[in-house]
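Per-chain residue numbering starts at 1, and chain names A, B, C and D are given in the order in which the chains are listed.
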Amino acid sequence: MKAARLHSYDEDHLHVDEVPEPTIQGPNEVIVRIGGAGLCRTDLHIIEGVWRGTLDPELPHVVGHENAGWVEEVGSAVSTVAPGDAVIVHPLKTCGVCLGCRRGEDMYCANGEFPGLAVAGGMANYLRTVERSLIKLAGNLEPKEVAPLADAGLTAHRVAKKAARILPPGSTCAIIGVGGLGHIALQSLRALSPTDILAIDLIEDHRKLAEQLGADQVVEGGDGVVDRVKEKTGGRGVDAVIDFVGEHGTTQQGPAMLVQGGTYFVVGYGGSVDVPALTYIFNEVSTVGTLVGSYTDLVELMELAARDKVKLHMQEYGIDDVNQAIDDLYAGKVQGRAVIVP
Amino acid sequence: MKAARLHSYDEDHLHVDEVPEPTIQGPNEVIVRIGGAGLCRTDLHIIEGVWRGTLDPELPHVVGHENAGWVEEVGSAVSTVAPGDAVIVHPLKTCGVCLGCRRGEDMYCANGEFPGLAVAGGMANYLRTVERSLIKLAGNLEPKEVAPLADAGLTAHRVAKKAARILPPGSTCAIIGVGGLGHIALQSLRALSPTDILAIDLIEDHRKLAEQLGADQVVEGGDGVVDRVKEKTGGRGVDAVIDFVGEHGTTQQGPAMLVQGGTYFVVGYGGSVDVPALTYIFNEVSTVGTLVGSYTDLVELMELAARDKVKLHMQEYGIDDVNQAIDDLYAGKVQGRAVIVP
Amino acid sequence: MKAARLHSYDEDHLHVDEVPEPTIQGPNEVIVRIGGAGLCRTDLHIIEGVWRGTLDPELPHVVGHENAGWVEEVGSAVSTVAPGDAVIVHPLKTCGVCLGCRRGEDMYCANGEFPGLAVAGGMANYLRTVERSLIKLAGNLEPKEVAPLADAGLTAHRVAKKAARILPPGSTCAIIGVGGLGHIALQSLRALSPTDILAIDLIEDHRKLAEQLGADQVVEGGDGVVDRVKEKTGGRGVDAVIDFVGEHGTTQQGPAMLVQGGTYFVVGYGGSVDVPALTYIFNEVSTVGTLVGSYTDLVELMELAARDKVKLHMQEYGIDDVNQAIDDLYAGKVQGRAVIVP
Amino acid sequence: MKAARLHSYDEDHLHVDEVPEPTIQGPNEVIVRIGGAGLCRTDLHIIEGVWRGTLDPELPHVVGHENAGWVEEVGSAVSTVAPGDAVIVHPLKTCGVCLGCRRGEDMYCANGEFPGLAVAGGMANYLRTVERSLIKLAGNLEPKEVAPLADAGLTAHRVAKKAARILPPGSTCAIIGVGGLGHIALQSLRALSPTDILAIDLIEDHRKLAEQLGADQVVEGGDGVVDRVKEKTGGRGVDAVIDFVGEHGTTQQGPAMLVQGGTYFVVGYGGSVDVPALTYIFNEVSTVGTLVGSYTDLVELMELAARDKVKLHMQEYGIDDVNQAIDDLYAGKVQGRAVIVP
């Protein structure tokens, strides 16, 4: 089969190689025929060697951690999916028996394995995964149209869900960055809460997209954004901030926009969240991190997608054009998310 | 009546002056005869001029924001307390009609006034306050024995209550600093949750007190404390940290002790909480500020005190000895909390 | 001024009398010029004498407990509203100092008074109430258009809010009865949750309205409704039921529609909820009562109304036509809610 | 091996038979050498044929659904337990892949199997179960001393945990029935909440035990109990009731003891909970069912047991004396719970 693989950290692109198809090796395993694999900024970081010390997959390494497709073959103990089923693949292979898994917190699995990051991923014709990672798709959803929901979308939904719990009618939530994750979070939050959504982005097209997707107000990002947000909210500030940028000043701006009792949700990274203890106390604010999402978070997101309440903007590439997709992503030319279709 | 007053920010002590007694000026007001007024580090900061620009009370200023005593006189609209009732005084005078008050979040009152900080406090024979600030004491509680629960205790209880919600059996909570607030928080947390309490303090006497009050483990604070905590928890770390120090390195140490999904509650201040966005995300941790507490938080704390589940360690001074109390507090000679009894 | 009053329980109608205007009698009181007063089934019950032993207002009695209008005059201690402000009136006059009030649970006020039920209500030119009962209207809302939200709408919103907390994407909520309360609850739930809403009503017009307001499915009520609901949900049943009927069999049907772990919210009354203990246990279901709503619940509902997310269907009557409105309500001729405009 | 088996619903006792030892039949299975198997009223009901139509196990049937012991042998895919480990056995064998399991709600497993009820149980030398059902015991816990915690204790803990969430300091919780489940719930609630516990029982010895275990007040059950509870609580009533009887009038008494906003938790069964809709609404009360407990509930309970915060009162019988144990249980002669030790 064809697979997009990283050969060396000294190169800035992938190779599309002919490799053997994966085979079932355990009773709970499943082979998925890939319908689409999302290309993510994390893939660029892998190629750049950013994760070299941390994840260190064996080279050549098949990338692709946002996968959807059809079940091809199942292990002897698999009971909930069958060949032919259209599925999306939760990004972590989890054990199901550690305490994290038993609590429903898949990302805290003590024995998790991350295809596409640490082991072979889905930017290929077939992926080897486990039954526990699979969610069957509703009849109206195409694998390639939802693949990036497996990771980018899941992260966006989990944080939107956390935020929605503290956002009653009359509250305001700022979303910083209406890109790949932000445009999903906006839709998910719209579905989960009647809060006023104030979308912040440096790019005008992103702000326009935000308005189309249901943002109540849009604000230009960058210098002076805190003042602009205060002005838009009658001097009050916002009850929650979801920051999908996490660098270039947003980690200072985000906490500074909050009302007393507010919460800053940080999802993007690069910067540091440096807030005096006295500010945390006087304003009684919180900073909350968020890490991808659980299997049941993804189940919920797919229910939203099946009802058309969350819709991904995507751009399709053949697997042979994977390096073109990478170049386009670097160049900011991708509309929404790039999806590789093998 | 006698009142302990600050005359000038150029002095390092208070004056005990003869001043007119306060009188009822509105229908909801109440005059409280003071049974005890706690002396707090914040009082030292007021004398030092730390709050000069922020609070700026008119000088001479009567200090004392941790008050308890007996109702002396009530305004025409007061219905829930009567002369002779023993009461503790919530530290903030609140309006009862703003949205913060209506939600039960007294500290978010849009029109609050802070006796002892911004207007005349309770280190005197009498205090003018409002009905909304008063909680009747159970028959077995003496005003002077509970006065510091009004602010120090309330802050400790609120954070213990927040923490208890995420601390099931088998979890561990670290308390950094077992002083005036910490020793209350420890008892409150012990009453609210079966979590394993790991008390951290630089001072051996404080660690001994922690053990007497029900800490499951004690650890010496300072350099290397993160390693010591990890060792005590089998390498795992703790599910929550409550930091009553908030400076001298604890704002780095606290977040570093957390397990994945853990929460760092910051109460002490002075330092800054500087954590990379990536750490918030990878560990899915949170930093949560906490600000004194609501009226109903104080009601709950007094219920614990009435059942002997929270007991304050206090040292009594006459009002004429207020400067001795101040000197003792600076010198670290106060056992528990100093209470001025007029 | 004019007022619609009940003279005797032996009559079946009200009298429109000329009576003295109410006057301010305490510092926290407010006189409201009525813009609209909702007519409610509870008013019919008052006229019928159903509440005679329980509420027993002095006769002649001014009815009207769903009021909105403009502030006419304020007491000396009132600070948050001023003459001319358009307001809606929370149905209970609360004390603000009991523990129920301090927790933000207005309906649990130990000293509450119910205008229109126990004391003079708002079906008149003017109403005497208290500052604590008033919420200022957004500029785009007319008093007469929102008056019934004060009680019927508030009850509907509170239960929708309780239900929304347990209704993630992919869940289903049945609403039994899409009348005055139900059509508000449907809109409120639509705003608060992406759950699938299944509306049940005996009347086809009500089912059509439900579809227009965003119900995902509609089902005819009455005999066999449990089977019809099971069929619509693939045999599964629903995660929550909100029952606005509470008699004529719905208290049996509601619990019987639930999935394991589901909740039956009961709002309508007349019948009894009789469920074997074994059923509660095996299915791990709950029955939850709900009582009008708090001030902050009403604040939230008005935020939804201001954003057009909740819209009341109303039919206007002059005060001289109040008995016509009563007749129409008995005859089932009122579209949505009847509002008396003095 | 020896096994206590039901041969026929026409007999009133079990047979201790020599039967083949169970063997591993799937990769996730585990054979447990039984250290203790609790004897439960449900076992009596099985013998009596009460469950005949519902569960209908193949006869002869090995009973025993409250099991603890040591791992004897493990299937090929088992990774978290090893031969020799002391373990307690969650009563349900769950699939781990259905949505109930993925949410951490084991009792909602779509494919669960109940050893001792529907398939062969643990009143024998060996039990066949699955890895997902096993929790390793802390070093200070003996299997036979904790076996009844697997089901009776788990049910008690789950309901205590639900109740604790709504029981702040100053609240009161009534426990009806301080028998096998009640005496565990009392200890669990004591560990989880500082609420005032009011224990109700017909039997004086049970009331004495309740006091020893930390009940704040005890009240004699039966006729007039509602008045007695009101009297003990100053006319107020209780915030929550946990009813372990569920018949003989307690399903009327329980709801009648509640304060406004209170919750009636029903665990025992036999009776019906028949409450007018109007009562649910006027008092805004709830009835909440509870079904055994999840794996993580049992993990928490074992943490409490390991810290001596929950201690089971048990009486030991050899497997050959199983019918003596049954007779003693019928005769009310068992102190705490009977445990069969093979």
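In the analysis below, a residue touches a chain if its C-beta (ideal position, glycine included) is under 8 Å from a C-beta of that chain, and two chains touch if they have at least 3 such contacts.
Treat the numbers as computed from the prediction; the structure is a model and nothing was measured.
Separation of chain A from chain C in touch steps, taking the shortest path, is 1.
The interface with the greater count of contacting C-beta pairs, when B-C is set against C-D, is C-D. The distance from the centre of chain C to the centre of chain D, each centre being the mean of the chain's C-alpha atoms, comes to 42 Å. Contact of a single residue of chain B with at least two other chains is seen at positions 299. The touching residues of chain A, counted against chain B in their complex, run 105, 107-108, 243, 246-247, 251, 260-261, 266-291.
Those residues of chain C that touch chain B in the shared complex are 26-28, 77, 79-80, 95-99, 102-104, 111, 131-132, 295-296, 299. Taken together, the chain C residues at the contact with chain A in this complex read 168-170, 191-194, 299-301, 303-304, 307, 309.
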